[in-house]
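As structure tokens, here come the structures.
In what comes next, chain A is part of two complexes: it sits with chain B in the first one and with chain C in the second one.
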Partner chain A sequence: MPESTGQSGVIVFDNVSKFYGDVLGVNRVNLSIPPGVTSLVGPNGSGKTTLMNLMTGLVQPTAGRISVRGVAPSQPELLFGFTGYCTQFDSFPKGLTGFQYVYSWLRLSGRPHAEAESMAWAAIDTVNLREAAVRKVAAYSKGMRQRIKLAQSIAHNPSVLVLDEPLNGLDPLVRAETIALFREQARAGRHVILSSHVLQEVDAISDQVVLLAGGYVVAEGQIRGVRSEIQDHPMQILIRCDKPGALAARVFQQDHVVEARIHADRRGLLIKTRDPEQFYLLLNQIALNGIEIESVAPADDDVNSVYEYLIGSEEATK
Partner chain B sequence: MAVHKRTYRGYSGGLTPAWSRFLILYRQGSRGLFRSRFLTIFLVACFFPPLVMILAAYLSHNAILQPFLKAPNKPLISIDASFFLLFLQIQGAFAYVLTAFLGPGLIAPDLSNGALPLYLCRPFSRTEYILGKMSVLFVALSEITWIPGLILFFIEASLDGSKWMWDNLWIAGAVVAGSLIWILVLSLIALAMSAWVRWRLAAGALILGVFFIGAGLHGAIAGILRSDYGVLVNPVALIVMVYKDLLGLLTVSTSGAQLGPSIEDACVALAAMCGICLILLARKIRAVQVVK
Partner chain C sequence: MISLWSRQILAVLRLEMRKTFFARRGLWIYLLALAPVVLFAAHSIDVMQQRAQRQQRAAACSFSPERMAEIKPGMTREQVIAMLGQPAHRDMRRRRREAHEFLWYSDAQTDFIIHLTGGEVTGINRRESSNLSEDSLVFAGVFQFFYLRLAVFFGCLGVFMNLFRGELLDKSLHFYFLAPVRREVVLAGKFLAGLIATVLIFSLSTVLQLWALSWHFDSNSIQQYLWQGNGAHHVAAYIGVTALACIGYGSVLLAAGIFFRNPIVPAALVLIWESANWILPAALKKISIIFYLQSLSPIVAPAGYNVPPPLALLASTAAATPAYLAITGLLLMSLVVLTIAALKLRRLEINYSTD
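For the complex of A and B:
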């Protein structure tokens, strides 16, 4: 069975480039994506969809090698046995009901009638669309369309789930349910590769992120690890304490602290430091010297900040 | 570091044979065939000429009517190659109109809805996709061309006896071969136009246009250049040449000199049309459309 050959663990991009004629898709991408939720983040045209199309074999790389759990995308019979893809755009053959839509794709994937029927209903139940499944997809709302697309991508129980902008158009409740579904899929050991523009959500969902800009991978890995690698921007740390003024005076004596700003509620201090390690050591001493520190938390090790530091300036100069 | 337990179980059941999966597209495509009242009426109308011809064959063998139907020296209706040529030409025209109605709806909606990535992110190739779409036309056009043609042939054989059948079996072969060639040409032109023009109505107009433009060019070349080679851009004239050749009715001059394009030229021209359509399809049926 395809699944048995697709267990070797990671998705590998080995020096992969893709050009559409003279238009750059992605260039020299080297990635090793472990199971879990991986978010592809980047502005429009950065290469997110190209990367997804490459790993699903929809486009062939101009150069380099791709392996999805040990299977090359040029082997569709094997690859699509364990890969599910949810495209960014609405893509519904005309006249189908929600059930027929999911069922047809399963039949096209080679599932016999009875199994395709039960698997289709199971997927429809997962996305909570049973009542609407007998209606035509053309009459669905944007959120329902997103869910039925998601259902077709998970219906054949894939171990690699590739989702292009899957949260677009979902209302908050369904969004939360969908995110929970992704987490559940990831917990089971699947690859969940998604692209999103909603950075706060990416932060909440992802085990790792891949930041893309202009067809290049700008950064990859767990978001905190990525943040610590960015030396150009001092790390921001928010300290909740009873004497922010006194704390500011103490920390300003250090060379690595470049800025200290008292919080609007006067119960905290936001500092910027070039050496967070040194700062945390200093903070231990300060805590022992009479300033009561309630909490210490990095203020800019989220996707939003990393995106802003790595890609935002590039975007601004365009 | 996230810790994942591998608890999922992949599908471990049987799979349908890969060759049969294009039939899912046939089922999908043919579902809407009879939803249109016009198409249903048209399909029914397509069966009238074969019915009339079957009736004619019956009457020509009816003992009571024989004296009335016979001219002084020969039967009024002769069931021979010319009779089947007439059948092929009439049914070929119906097939052409039916293609213009069915063809545009096959690929254009998938392209305008961006559905191709969903088809092709399965164990399903572009060739299978085209085959699946073509099968909708193949079945519909077969129902009005070679299938009634064979029924007509065997009814005539049952009326005229086995000797007639064995003597004229090649006519049955010619009807099937001629119909299949026309179905192939029509299907490829329809699919190519449907893929090239995403707007369904425009695709339908273009399918009709290809044939009218071909016939117009043919006429213009014949009128201005006084050449018979204009037939090479007219698919209808080409297929009639093929029909005639298959039925042994293609005329050549008594001296054996070529009057215009030969049947080989006609076959090459039809093959070239099919080739162009395949190139158009190969360019358009892609999982990812790149807009520069």
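For the complex of A and C:
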């Protein structure tokens, strides 16, 4: 069976470009995506879906080379033995029930009836759709359609799961369960590549992010690493302490501190620094000099802030 | 590997057969296949009614058909009646200020209509009962010039062209493209599904047409034609030609659905080429599907069948290709077309917004 291939390795984009006629999809993308949850983040038209379609062979690169755990996307017979793709396309083969949709896909992969049937029910149970599975997909709500697509993409226990806006239309309970499922897949050493507009969720789920804007990769890697490389925006740090005024007076003597603002509840200080490492060293000294520090936490090293700094500014300049 | 591909082709077949046979938008294909059956059934009903009327006329007049040879132009009505007796039926018409009279005699097999103008015989018209050889020729003409070129062609267009293009328009083709199956295997499964559907529908229609055409003959004549004449061979040959037409047109139209965003234009060009085949020079005739299908038909319909005489002058003929060459050629052509289509499919992108 095809599952025997592609069990290790990374997903590689080697100088990949994709043009739709004159329209740019993505340009000169170089990525090496390790196992874990990787989120593709970017505004509409930034190239997220194009990247996913490229790595699953639905579109071919105009230039460059792609390899998914050592397999080229032009070999679907190998690739989809270990890859599942939950697309944004909201259309299904006509006349199928939810069960038939998942079951038929498993039969297409060459599995015998009994195996396909049990795997289909297992996947349907995972997305909590057993009762509705005997109904036609055409009669499903948006959330149910999203869940049956998800069931189909995970039915064969893929080691690479590509999910285009997978949480769209899901209710909070299923959303939480789905996120837990992604984390579980990642812990098992599998690739989970997803795109989402909900940055809080991306922050909670992702091991690494790929930020895209206008068809270009703006940044990639672990979110804190990406944040520390953004020099234009000083790092924000929130310090909870008993004497925020005294602390403000002390830190303002430092050149790298560009702003210090006492928190609204007067029990903390929000500072902006160009050199976080120097600042943390300073805090150690301050702690020894009579100011009781309760907690220190970065305030803008989440996806939301990184997105705002890297892509928000690009959007604004357009 | 062969076993895996077989299972995958069966899985594609299961999905496609449901769509091909029971799709509401495919209803017109059944009607198209049924049209010639209705035509031949209507012909049979008409022949049976005529036969009943002829028998009534034969009972109403008693004359000897041999004496009909003695009726000569210029004879008067009275002379005719004196020789043949009273007619079974009389018609009177006025044309260009002249009185035309028609005297009907019948011997139950043939109607003799004596035409008198101004009271004198000007001609004798014989209307014979329908016979198998005449009907076979009519069937050959309808089969080759209507059924294959229009009904089977448009039926294949409705089925095969939609196998991929229809799914691109419905935005559901990615279901197949995201499965661990070679796209060539998907193509083979879809083509087989289309082939099974069209061969079943149109072969059944061919059999029903032959049955409807022979409905008005007595069972003895039919048995004799089938088992002592060439009947069984003809039926088998017509079914075989229908199946080959489905293979030939099916492969071309399936490829058109993959290659062209609007495949109606190339399909129309193929139809025009196939329809104009009877006036093409011999060398060009051979670059068509219909030429080989006609070569394989058990009865050759005259070139330019059912065409007005001035246009019939344009008809050209070419020596029929031997059956083994025609069959092999058609199958090879289909295989080549499907191989090219498979190569294109391998590179086909899912980009629904532009389709």
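The rule is short, and it goes like this: the second predicted complex is superposed on the first by the 316 of 318 C-alpha atoms of A that agree within 3 Å, B and C clash if a C-alpha of one lies under 4 Å from a C-alpha of the other, contacts with A are read in each partner's own complex, and residues count from 1 in each chain.
Note that a residue touches a chain if its C-beta (ideal position, glycine included) is under 8 Å from a C-beta of that chain, and two chains touch if they have at least 3 such contacts.
Note that the coordinates shown come from a computational prediction; the quantities given were computed from them, not determined experimentally.
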item: Combined model on chain A: chain C and chain B, fit or clash; value: clash
item: A:Q60 touches, of chain B and chain C: first, second, both or neither?; value: second
item: Which of chain B and chain C A:S74 touches, first, second, both or neither; value: second
item: Between chain B and chain C, more extensive residue contact with chain A; value: B
item: Chain B versus chain C as contact partner of A:D207, first or second or both or neither; value: first
item: Touched partner set for A:G36, first chain B, second chain C, both or neither; value: first
item: Contacts of A:S104 with chain B and chain C, given as first, second, both or neither; value: both
item: Which superposed partner A:F252 touches (first chain B, second chain C, both, neither); value: neither
item: Chain B versus chain C as contact partner of A:S159, first or second or both or neither; value: first
item: Listed stretches 80-88, 116-124 or 314-322 of chain C, narrowed to the one that overlaps chain B; value: 314-322
item: Footprint overlap on chain A, where chain B in one structure and chain C in the other make contact; value: 2, 20, 53, 56-59, 76-77, 80-81, 85, 87, 89, 91-95, 104-105, 107-110, 112
item: In the complex with chain C, residue positions of chain A that touch it; value: 2, 20, 53, 56-60, 74, 76-81, 85, 87, 89, 91-95, 104-105, 107-110, 112
item: Contact set on chain A toward chain B in their complex; value: 1-4, 6, 20-21, 23, 35-36, 53, 56-59, 76-77, 80-83, 85, 87, 89-96, 104-105, 107-112, 115, 119, 152, 156-159, 185-190, 207, 222
item: Chain B residues within the chain A interface of the complex; value: 1-2, 4-16, 18, 21, 24-25, 28, 31-32, 105, 109-110, 113-125, 287-288, 290, 292
item: Touching residues (chain side chain C, partner chain A) in the complex; value: 4, 7-8, 10-12, 14-15, 18-19, 22-23, 167, 170-172, 174-183, 185, 346-347, 349-352, 354
